[in-house]
């Protein structure tokens, strides 16, 4: 596939019919969380879209994001998107390694300077550059170097987006998010641990289709996927509203599929598309499987006060504080009370007998 | 040593309440409105089932409500696609699969015929060219 | 010795107790007490809001008995109560409060505001901020034995007159009698018929009773002005006489605050329980009725209503007895819209009647009673307090209403069955 | 401080601080009231002070007909916002969880939409109460800084709770939740030093009132 071929041409060359292309567009619209009425516009745009160059950098990460993207979805329509893009560097997926791989990256950067998309997964250690290096290059300098010529950066996964688990307390590597180091490029945070695969491809498809980055929320995430909380779109929400909760993982409420709020579900403060897009080809998502949401697409989710502690519960021992306060209060109260009693007793002692001659001011003085 | 009785098999019974999100009825009404619009103005409506929060079983409930009508079509374009007319003429259920038979999209279309069923202009053109190439002495 | 701010504030400190602290801690400034006070409802002036009348006392409580108040006072953040302030409050605490207790009945957090007014007056009086009229009455009570200056000869004259008129003996200083009857100066001076009525009823019912020549005055200016020592001295006179005559019970006459003084405050003022009982005349009459010792004949045909004296009913607990008695002799007894423990004051209790300065506001506040009466149009008002009677008459005259105000005891006496077997 | 750190702080140390001030303050106030004591009544009782006191604790929740008629707005709005506060504080599922965590007791929650609607009604009632306080001659006359402060710290948790529940506006959800919890902590800190104490002291006030009357055989 040559670099100046449009997507439409590339697909036709692969023997894909117009009907197949329309199906591809419908699936892409669904993937981008766009309404089906947008399909004709998407078809027109994709027809003319040029295949972009993509460089994928993996830093302090577990490869879960790449797994999420590749493992369960091959071959798929999203796969086609990847066929369409030019994935010029991905050290987990590419055959080349070592200096040959780095040469490929540098070549792609040079060739597509200012136009390529940089995808990053994993957080970047800042405490010591030696904590994570690729071909002897520290993550930080590789990111800064590669970001220079990027048209946009997609931070895939919570580690790249917000620091994620490497940044969890006590953050030994001084891990930071992409957005902590790069300030002058558009950054799209595709958070999640891992993110929903279609969200990754959806963002790429959006860029491919419209040549722009999608509308983002305050945390830099595409609103199309992160616009609503898990809680708001959760099929168990009616149970929350009715006040029906599972109290343990094996009680009647759990078996009946009641709300998992009491078991620590972070759905109310977590924004992601799990409840509608779901996982594994739309099969299920954690809450459907009976486990509370961990809030993995939110910053600092690992340090959020316990996965199984309900959001409204205190994170410190309040009972003990209250008991101590009662004790201290009783002591202080008795002390104050004793002072008051002494004062009142003094007042009683000071009291001079009142006679009818004491009822007027200065009656004696006259 | 006394061994306690072990329950032979763990029973896993997950009950799902009926119409948990209560989204099935509103969807059916939406389809009804779309059908009326189709009759009056010829308007074409597509509902993406992936964009809706549905409880386990609710999607099946909806499909059961719609039932199967006269048309069943299976296309092969970038993997199979099933297009079924429901028992309500004009209401179609369109399910796209990839080449591994995994569902990649599920839609309800309200129209006289889903666009995907029609032969596409570009494909006809291509077909014509192929046919012409097939025939050695075509009469122009 | 003379009155001074310091003595006043010292008295405040002495008076504040757990209930006062609980009350001040609970006030939410909802203002509901305003609408329970006739001085507010008839003037519309917010300064007459009952709880506001306690402001200086509240500040002393805060400054002396709460943590933050003490702290604020220590660092000079809160101003001490001044003599001038107490002067400003004199009118609120004495002229426009009859200690009727109605506000204490409506306060949603349960503040007994009247309880606190009574305590606040202890400080006001020794700070020299009691009304001149009330000081005069108190002096007369202590020095002459009656706030109106009634002396024994005046009583003896009324007794002789009654004995002649009714042909009955009025026992005086009869040792060993069951009951010692007290009288209010107002009864002696304005309603001497009361003495005859009681004599008639007691003869009819066979009650053994007497009047003391040493302690016949039931009223107690001490509890009105708010000087416990004086109040105690006045109570002590009665206790001494009652013990000397070895009576079983003392009868409080038709007077509201007298009942409060002798029945409820007395033992606390003298610091010991009595060796005798105290009953209100209506309590005794109702007891006689219940025992079948009180037989009446005929009924009042006119439309009657009953005005509850605040200290007898709401603050005293004698509520059902007058109704039982009225039902014996009234054909057409109607209650006012708010009655019993929720009755509206006549406007002259709690020392207001001894305070000429309060005449104007007292008459203005009477409009509340007028509205109550206008709702039922009685032909006569029955009551059981001479002070109420005088000021009901005064108010009715002021508002051009023609309606007699009569004593319940006297009404019963008029209907006594002639021949009792 | 990130939003999660803020939320953790308000759910942890800040809540501890607020709890200590709240509990300590209340205990000091109650001890201060009780220890002032009162004299034994030497007059012969006509009725039971204890029975009268207990009776008034309950009966004072119902206004007398005259007060209801003359101060209708105060009574009705007062009822609405007090019941509203009761429902929103004690019958909302997440709040019950907090109580269960601290005290180990719990009870059934009301359906969320009911609590939600109650919150709106309560906020409206509190706004109406403020307007009334500013306009009614008696209430305006009696009101000082503390009365407006208490109003503010009372309505804030309702408003912030509503915003956090619906996740509207200015800040991300964890921050909204943190702001809500902070506003409650503010209420807790202010509580012992203001007329908010009436929540506890009114039981004493009503008891004393009822006991004083009950001793004399009067139902107050």
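We just call them A, B, C and D in the order they show up, numbering each chain from 1.
Note that a residue touches a chain if its C-beta (ideal position, glycine included) is under 8 Å from a C-beta of that chain, and two chains touch if they have at least 3 such contacts.
It should be emphasised that the depicted structure is a prediction, and the values quoted were computed from it without experimental measurement.
Counting only C-alpha atoms to place each centre, which chain is farthest from chain A?
Of all the other chains, the one whose centre lies farthest from chain A is C.
Does A-B or A-C have more contacting C-beta pairs?
Most C-beta pairs in contact, of the two: A-B.
Which chain would you call central, comparing Cα centres to the global Cα centre?
The most central chain here turns out to be D.
For chain A and chain B, let me know how many angstrom lie between their CA-based centres, rounded off.
Computed from C-alpha means, the inter-chain centre distance equals 32 Å.
Between chain A and chain C, what is the gap in Å from one C-alpha centre to the other?
So the centre of chain A lies 75 Å away from the centre of chain C.
Taking each chain's centre as the mean position of its Cα atoms, how many Å separate chain B from chain C?
Whole-Å distance between the two chain centres: 90.
Distance between chain C and chain D based on Cα centroids, please, to the nearest Å.
It comes to 38 Å between the two C-alpha centres.
Quick check: what residues of chain C touch more than one other chain, meaning two or more?
16, 65, 67
Please output the residue numbers of chain D that touch at least 2 other chains, ranges allowed.
In chain D, the residues touching two or more other chains are 28-29, 32, 34-37.
Using the touch definition from the top, which residues of chain B touch two or more other chains?
none
Could you list each pair of chains that touch, in label order?
All touching pairs, sorted by chain label, are A-B, A-C, A-D, C-D.
Can you list the chain A residues touching chain D in their complex?
Its residues touching chain D are 218-219, 229, 240-243, 245, 261-262, 268-269, 271, 298-301, 303-305, 310-319, 321-322, 324-326, 328-330, 332-334, 336-338, 340-341, 344.
For the complex, which residues does chain C have touching chain A?
Checking each residue of chain C against chain A gives 1-4, 7, 10-11, 13-14, 16, 64-65, 67, 125-126, 128, 130, 135, 138-139, 142-143, 225, 227-230.
Within the complex, which stretch of chain A touches chain C?
336, 340, 343-344, 347-348, 350-365
Spell out the part of chain C that touches chain D in their complex, as residue ranges.
The contact residues of chain C facing chain D are 16-23, 25-32, 34-36, 40-41, 44, 46-47, 49, 51-52, 65-68, 104-112, 115, 263-268, 271-274, 277-278, 313-317, 319, 337-338, 341-342.
Inside the complex, what are the residues of chain B that reach chain A?
For this pair, the touching residues of chain B are 13-17, 20-22, 46-48, 50-56, 58, 75, 77-78, 81, 96, 98-100, 102-107, 115-116, 119-123, 126.
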